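Next come two complexes, and both contain subunit A; in the first it sits with subunit B, in the second with subunit C.
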Partner chain A sequence: MGGLTIRYLMRRIGIYLFTVFASATLVFLIARATPGDPVESRWRQIEMDQGQIPEIEAIIARYKTRFGLDDPLSVQYVKYLGNTARFDFGYSFSQFPTPVWRLIRRALPWSLGLSVTTLLISFFVGNTVGAIFAWERTPRFIKSIIPSTLIFTSVPSVLAALFLLYVFAMLLRWFPLAGAYSRDVQPGWNWPFILDVIKYGTLPVLSILIVNVGWTVLGMRAMLVTIAGEDYVRLAEAKGLNPFYTLYRYKVRNALLPQLTGLALSLSGLIAGQVLVETIFAYPGMGLLIFQGIRSQDYPVIQATSYMLILLTATSVLLIDLLYPLIDPRITHDGGQA
Partner chain B sequence: MTAATSNRLSSTLPSPASGYQDVKLSFKHSPWYNGKLLAGASVLGLLVLGLLVGHSVWDQELAYVGSSPLNLPPVGLEYKGQVGTWAHPLGTENAGRDMLALIIIGAPRSLLIGFTAAIIGLVVGVLLGFSAGYLGGRVDDVVRLATDITMNIPGLLVLIIIQSALPRAGFFTMALLLSLFSWQGATRVFRAQVLSMKQSGYVLMARLSGSSPFDIMFKEIMPNLMPYLVSNLTFGTSYSILTMVGMEVLGLGAQRIPSLGVTLNNAISASAILRGMWWWWALPTAVLIMIFMCLLLIAVGMDEVANPRLRDA
Partner chain C sequence: MKNRNVLFVMLLLVSLGLLVACTTEPETVVETVIEQVEVTRIVEKEGETVVETVVQEVEVTRVVEVAPPPEPTAAPLPETPPGQYQNALRHETVFFDASVTHGDPANFNPWILDNVRDVGLHQAMIEPLFILNYETGTIDPYLGLSMEPNATFDVWTLKLRDGVKWSDGEAFNADDVVFTVQMFQAAAPDMGADVARWTASAEKIDDLTVQFNLTAPNPRFQLDLWSVKIWGDRNSIVPEHIWKDYLDAPMEFTNYDPDKGWPVFTGPYKVAAFTSNEWVYIRDDNWWGVAAGFDDLPVPKRLIWTHYGTEETRASAAINNELDAMANTTKGAFEAIAARNPNFITWTDGLPYAWQDPCPRYLLINTQHPIWSDPDLRKAVNLAVNREQIVTIAYEGTSYPSKSHFVQYGAMDKYINALEAAGLAASPTADPEAAKALIESKGWALNAKGWYEKDGQVLTLEILTMEEFQEIRRIGDVVAEQLRKVGIDSQTRVLGFFPLLGAMGEDTAQSAIWFLCGGVNEPYVSLNSFHGGEGAVQGGSERWTGPNWEAYRQAVDLLAGFAPGDPASIQPTVDAYRYLIEDMPNIPLTQASQLLPLNTTYWTNWPTVDNPYTYPATWTQNAHLIIHNLQPAK
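After this line comes the complex of A and B, so read on.
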C-alpha cells in the first residue's frame, strides 16, 4: 500500500478526467461541425414522407427553442457536458423516439462479455504458453513452434474473423454464422441460454484472441529470458528446489507484473479490434451499433457509442494502473524504484 | 557509433579503442545480416514491385463497376455455372469489378496512406521524444502528459467520431488524422534512449566542445537510433493501415476509390462469405496479412539489430 503516493494518484486521475473531458468536447465540436441543420433536415424528411405539413417553419422554430439550439454555443456546451455526465446522449435518428442510451444499455453487456472473456483467456493462456516456451526443461519440439507465434501477432482480428467465419461457420458448420444467441432459447440464467451464448461467442472471442495471445506469449517469454540470469533465480536453483516450483514461484510471479502493464497498453487496440469483429459476426454489441449507425447516418448513435467505448477503455486502463502498485510493492511512483 | 563521431573522438581524444572502428566487418557478420529483417524486406519489396508492374501491365479500367462479367471465380475454378478465365485471373465480384485490378489499385493506396501517416507520426514523435529527453523540465512534463493521455485512447474510435462528420476527407487529411495516433510509440522510445545517451561519454564530449543541442541531437545521438527509427516506422505503418482498413470495413472514408478495406466492406455487405465467393474477401485479406507480416518481420529484425540481447533469446 505504501507504494501508492498521493501525487501519483492525483496525476493519474487527472489524466483520466482530462481524457474523458477531451473526448466529450471532441464529440461536441464534431457534432456542431456536421454540415446541415439536424432538426430542419429531420422535419423536411418527415414532410417528404407524409406530404405537405402546414406551418412547418413554426414547428422547426419551436423545436429549436425546445432543445436549446438557439442558445449561444457556450450555453449549449455547458448543458451538453452536464447531459454527457449523466449519459444522456439524446435520441437516435434512425429509430427516432428511442434514446441513444437505451440502445447502448442493450449493447453494452454483450461487448463487455466479449472483452472480459477475451482478456481473461488471453492473459492466462498467453502467460502459461509463454512460460512453457521459455522454460529450459520444455522439449525442443515444443519450442520449435515459437516462430509461428510471431505470425499470429501480425494477423489483425478483423481478418482473423473473416477467416474463422468462413472455415468454422460456413464450411464446417460447427458454429453459427451471426448473432449472439438463437431465437428459440429464452434469455436468462438458464443452462440452454448460457451454452448458446458460449457457442455464439466462441468465434468472436477466438478472432480477438489470436493476435492478443501472440503478443502476451512473446512478452512473457522475453520477460522470463531476462529474469533467468537474476541472482535469486540462481539461488533457488542452487538450493535444489523443484524446477517447476522455481518456474512459477520465482520466475513467473515476477514476470507477471510487467505483463499487466502490457495488458493495459494493449487494451485500446483490443477494443478497436472488437468493434470490427462484432461487425463481421453481427454480434449485438457496441461495435455493431457503430456499424449500423454509420449505415443509417445516425450521428448521435455513432458519436455516443464511440465516446462510451473511449470512456470504458480509459477507465479500465486507470483501474489496471491503480492496481499495479498494490500488487508490486517495489514501485513507488515518485521517481523510479525504491 | 558513426564514422563522423569516431573521427572526431579519435582526433580529439586518443582512446585505446579507436583502432577498433577501422576493422571492416564482412556483411555476413554485421548485425544487419538478420534473417527476419531480410525476409520481411525482400517479400515486401517483391510485393511492391509486383504492384508496380501490375500498374503498367494490367488494365485499371477493370476496377470500375460493370467493366467485367459478374461473380466470376478465379481462373480454372467453377462457381454457379461460370468458369474462371484468364481475362480475369483472380475473378470478379458482384458489381463486375475485376479483383486483380482492385488489388493493383487498392493495395498501393493502403500502403501509401499508412506509410505517409507513419512518416508524419514518426517526425512528430522523434521531435517530441528528443525535446522531452534532452531538454527535460517543463517540456518533458508536457510531452509525457500528452503521450499518457493519447496512448490509452483507441484511435479507431476517435477517428470514427471525426470521420462521421468529415465524410469526404482527402488523402492527406486522412494521413494526418491517422498520424494523430502513431507518434506516441516513437516519442516514448526516443525519450528513453536520449535520456540514457545524454550521460554517455561522446555526448558529454560534444557538449564540452560547444556543440548546439540541435547538433548533439541530430549529429551525435540520432545516427545511433536508426534501427529504432525503422522499427517505429514499420509499426506506425501497420498501425495506420490497420486503422484505415478498420474504418473502411465499417463503411467510413472515401468509398468510391477502390482500396483493400473498401473491397472488404463491399464483400461483407454483399455477404460474400455466405455466397461462397471466397476470392472476393480472401484475396484482399491475404494481401493485407502479407503486408502486416512483412512489416512485423522488419520491425522485429530491426529490434534485434538494435538490441543484441534479443538475437539468440
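After this line comes the complex of A and C, so read on.
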C-alpha cells in the first residue's frame, strides 16, 4: 500500500485523535482560566454601550443557567467533550438562540476560500520564483529583481492590508474597501456573484500572499542549492540533459517534498494571520468570527472556532503524512526506507 | 524656433479671446433709440414773447450694458421611480456607518443579544412610542400620543396615535400593545424583563387606549419602559397578527421572510437586502405617516448601513464619499478625513467637535481598601485631579470637564446649577497644595523618593483601565500622572473588559476608571447606581457603606418618588449629593464624547449644536428624526 502499514495507520490516527483531544481540553481550560464571568461581563459591556438595563441580574442568572455555567467545572468539561465530538457546539452567547454551527457554516467557506486560494498561489508562485532564483542559468538581472519582491516578507500582514487598502481601494478605487460581495448580486453559483467574490477577495488574498510567498521562495531556493550538489543531479548534468529538464525533473521535484509539509503546517498560521486581515476588510470568515467571539466573550463561539482550526490543521498534517509515501516512493512506513 | 514662439503667442491670444468671449460679465453695446425729450423754447404768441416747454422726439445714440442671457439651469438629477428603490442612485441614498457586524445578519428578532437593531432595524423600521428630548427633557410623542399616570403612579393610561399601520397594511392598535405586554410577561427575562416586573396587567380600553395596572408605583414607567432614552426602546411593540404564532418561543423567531414581507414594523422603510456586512432598507411610499398627517415621507429612498471594519477603512470610505454618517471617530482620523473631504462636519464647528455621550467617566475607589477607606484621602485625590488637563491631553480637547456625576445636557442644567450653587460641583482645575495638606494632616509624609509614606507603607493608588477603550486608558494615564505629582505613587493597570470586572471584585482592587450611564433628564437613575438596591450592605463597585451611605440611600429613595424633571426634586437631589461628596466614594472626571463626522456632499440638515433638533448619533433609535429631517444637498 505504497509504504503504508495498518500498524502505522492506526498509530498515526491515534496520535491525531490525542492531539485533537488535548487541544480541545486546552481550549476549554484557557477560556475558563480568564478571571471574571463571561455572561456578566458581556451584559455589562452592553450596558456600557446602550445604557442601564433594567432587571439585568435576572437576565444574567437566566443565561448562566441556560449555558450550564452554574454547573461544576468537571460537569461542564464532560458535557463539552461529548458535544464537541458530535460537532454540537451549542448556542452562541451573544446571538442566542442562533446555534454556533450556523455561524461557523456561514463563515468557514469564506475563510477556506481565502486560505486555499492564498496557499495555492503562494505554493505555485513561490516555488516557481524560488526555482528561477536558484537556477544558475537565470539571467543576472532577473536574479537581482527577485529579492525586491521579498520585501513584504518582514511586514505583518495587517500592515500589508492597510497599504493595499490605501493604494488600491482608496486612492485608485480598483477594489472595494470591505465585505465579501456587493449588494447588487444574488449569492449563488452564478457568474456575477463569482466575479464579485473574486473582486472582493483580491485585496485580502494579496495581503496574506505578499507576506507569505517570500518564505516559500526562500525555502525552495535553499532546497535547490542543497540538491545541486547531489550525485543524481551531477549525473544528469554529466549526461548532457537539457538544463531546464534537469531543473524541473531532478531538482524541483525533489525539493518540493519539504515544501509540501510546510504547506500543510502553514494552514493554521495563515488562518491566524487572517483574523486581522478579515477584520480590516470586514471579510465574513472565521477570522472575523473569532474576533467577534473574543470581543463579546462568546465562550461557545471561541471554543468552536478554535476547535475547528485545530481539527483543520491536525487533519492537514495527517493527510500529508499519509500521502508522503505516495508522493515519494523512497519513503515507507513499513519499517525502513525503500 | 521663432515660428513656434509666434504660434504660441497666437494660441495664447486666441485662448484669451475665447475666455473673454465666454465670460458672463455684462456686455457693452451701442444702440440708437428714439426718445421723447422736453424742449424749452422762446416763441412769440400774439405779440408777446413767451417761454414754453414742448415734448419732442429725438434720435439718441448711447452706450448701454446688456445683461448676458441667463445660464441654462442645471438639468434635474435623475430620479429612481417607485418600485426600483433597491437600485436608488447615490444622491438618493444615505450610507451609515455600522460600527459592528453580526454573525447572523438574517436574524431580525430585536431581542437577540447582539441583534441587528442598530444596523437600521430600529432607526428605519421600529418606530417607538415616545422619544426623550435631551435638551428640553420632554418626552415627545411618536406612535404614542400621551401616557398619563394616576395620582399614585400605579395606573398609567396610554393613548395611541390614530391612523398608524403596520407595513403590511394592518392597523396598529391597542391589541398589539396588550399582546406585546403579555408576550413579555411570558418570555421574561429574555425579553421585556422590566415590563414583566412592573406590569400586573394591561387592558384594552378602546382601539387607541391601553391601561397599565402596575405592580407598584413607578413615576418613570413611561420614560424607562416605553421611550427612547439611551440607544433605543427595548420594549418595542410587535404586530400581534404575526408574533402570535411564535408565542411559545418568541426568542427563536428570526422575524425574516422576504416572501411574506417580514420583518413587519411601522417605519417608513423595509428591508430590501443584506450581505455579510451591509443592511439595505428602501422607502415604503405607503407609509402610514403621510395619510395620518403625522409627517411627510422622508426624502432618502434608500438607507444602507455598512460595516467597514477598522477606523482606517472607515476613514477611507468617508474620504471617498462612501459614508454619510460615521460612528465615533478619533480626532486624528476626523482631521485626516476633513483634510481630504472638506464636506464633513461635526456637532460643533471647531473644537471640541464632539457630542457628549450620555455616560460620563469617573474614578471609583474601593472604600473598603485599607488605605482608601479614609474619605479624606479620597478627597485629596479629588483635589489633585485637574479635569481641564484630562480633557486637553486625554481627549485632545474633544470633551468637557465634568461638573458632577451627571451628563451635561440641557435637561440636567437645573440640577447641575443647584449643585454649583450649593458648592458641591467639581472644580475644573486642581489644587495640589490643598491635596498635599490634606494627606499630611492624616499623618503621611514625603519620603526620599517623593512619595507619601506612613508606618513604612507608601501611599499607592493602582487605577484599573480598560484595554478596549483607548479613551479610558488615556484618562487613567493622565490621572495617575497628576496623582504622582502630589506624591501618590499611582500606576495604571490595563485589563480587558472581561478580566477587569473580575479584578474589580477583588478586595485588593484600589480604583478604576468607570462610566455612569445614568439619568439623561433627571438625577435619580445616576444616583441610584450607588444605592446598592434593597437589602444591600454595600453600594456599587465602591463598596460604599457607613452612616452617610445609609442617609444617602434614604435620600435617593425619596427621590425615586418624583416624576422625572419635577422641579420639586431639585432640593432632594442636592441633599442626596451632599452625602456623596461628604464620603466621596468616587470622583467625577469628564464627560464622554462621541466625535461623529457627518457628510454634507449629498445630504444636509444633519443635527448640530446650532440645529439641535436631536442628537447626532445614528446607531440609536432617535435616528428616525434625523432621517426625516435630511435634505438633499443642492
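Assorted remarks:
Operating definition for what follows: the second predicted complex is superposed on the first by the 270 of 338 C-alpha atoms of A that agree within 3 Å, B and C clash if a C-alpha of one lies under 4 Å from a C-alpha of the other, contacts with A are read in each partner's own complex, and residues count from 1 in each chain.
In the analysis below, a contact is a pair of C-beta atoms (placed from the backbone, for glycine too) under 8 Å apart; a residue touches a chain by one contact, two chains touch by 3 or more.
Here the structure is a predicted model, which is why all the values come from computation and not from measurement.
When the two structures are aligned on the shared chain, A:309 is found in touch with subunit B, with no touch to subunit C. When both complexes are overlaid on chain A, the residue A:279 reaches subunit B and subunit C alike. Residue contacts after overlaying the shared chain place A:54 against subunit C, while subunit B stays out of touching range. Once chain A of one complex is fitted onto chain A of the other, the partner contacts of A:250 are absent, as it touches neither subunit B nor subunit C.
Of the two partner chains placed by the overlay, neither subunit B nor subunit C lies in contact with A:89. Contact with both subunit B and subunit C is seen for A:165 once the two complexes are overlaid on the shared chain.
When both complexes are overlaid on chain A, the residue A:177 reaches subunit B and subunit C alike.
After overlaying the two complexes on the shared chain, residue contacts for A:222 are found with subunit B alone; subunit C is out of touch.
Within the superposed three-chain model, A:31 lies in touch with subunit B and out of touch with subunit C [touch as defined at top]. Residue overlap on subunit A between the subunit B contacts of one complex and the subunit C contacts of the other covers 34, 162, 165-166, 170, 177, 279-280, 295. For subunit A in complex with subunit B, the residues that touch the partner chain are 15, 18-19, 22-23, 26-27, 30-31, 33-34, 150-151, 153-156, 158-159, 162-163, 165-166, 170, 177, 222, 225, 264-265, 267-269, 271-272, 275-276, 279-280, 290-291, 293-295, 299, 302-303, 306-307, 309-310, 313-314, 317. Put simply, subunit B touches subunit A in their complex at residues 145, 148-149, 151-158, 160-162, 164-166, 238, 242-243, 245-246, 249-252, 264, 268, 273-274, 276, 278, 281-282, 285, 288-289, 292-293, 295-297, 300, 310, 313. Those residues of subunit A lying in contact with subunit C across their complex are 34-38, 40-42, 44-55, 58-59, 62, 92-98, 102-103, 106-107, 110, 162, 165-166, 169-170, 173, 177-184, 279-284, 288-289, 292, 295-297, 301. Taken in their complex, subunit C has these residues touching subunit A: 87, 100-104, 107, 112-115, 188-190, 193-194, 197, 224-225, 229-232, 234, 251-252, 273-278, 280, 304, 306-310, 312-313, 316-317, 319-320, 322, 358-359, 468, 497-503, 515, 517-518, 525, 529.
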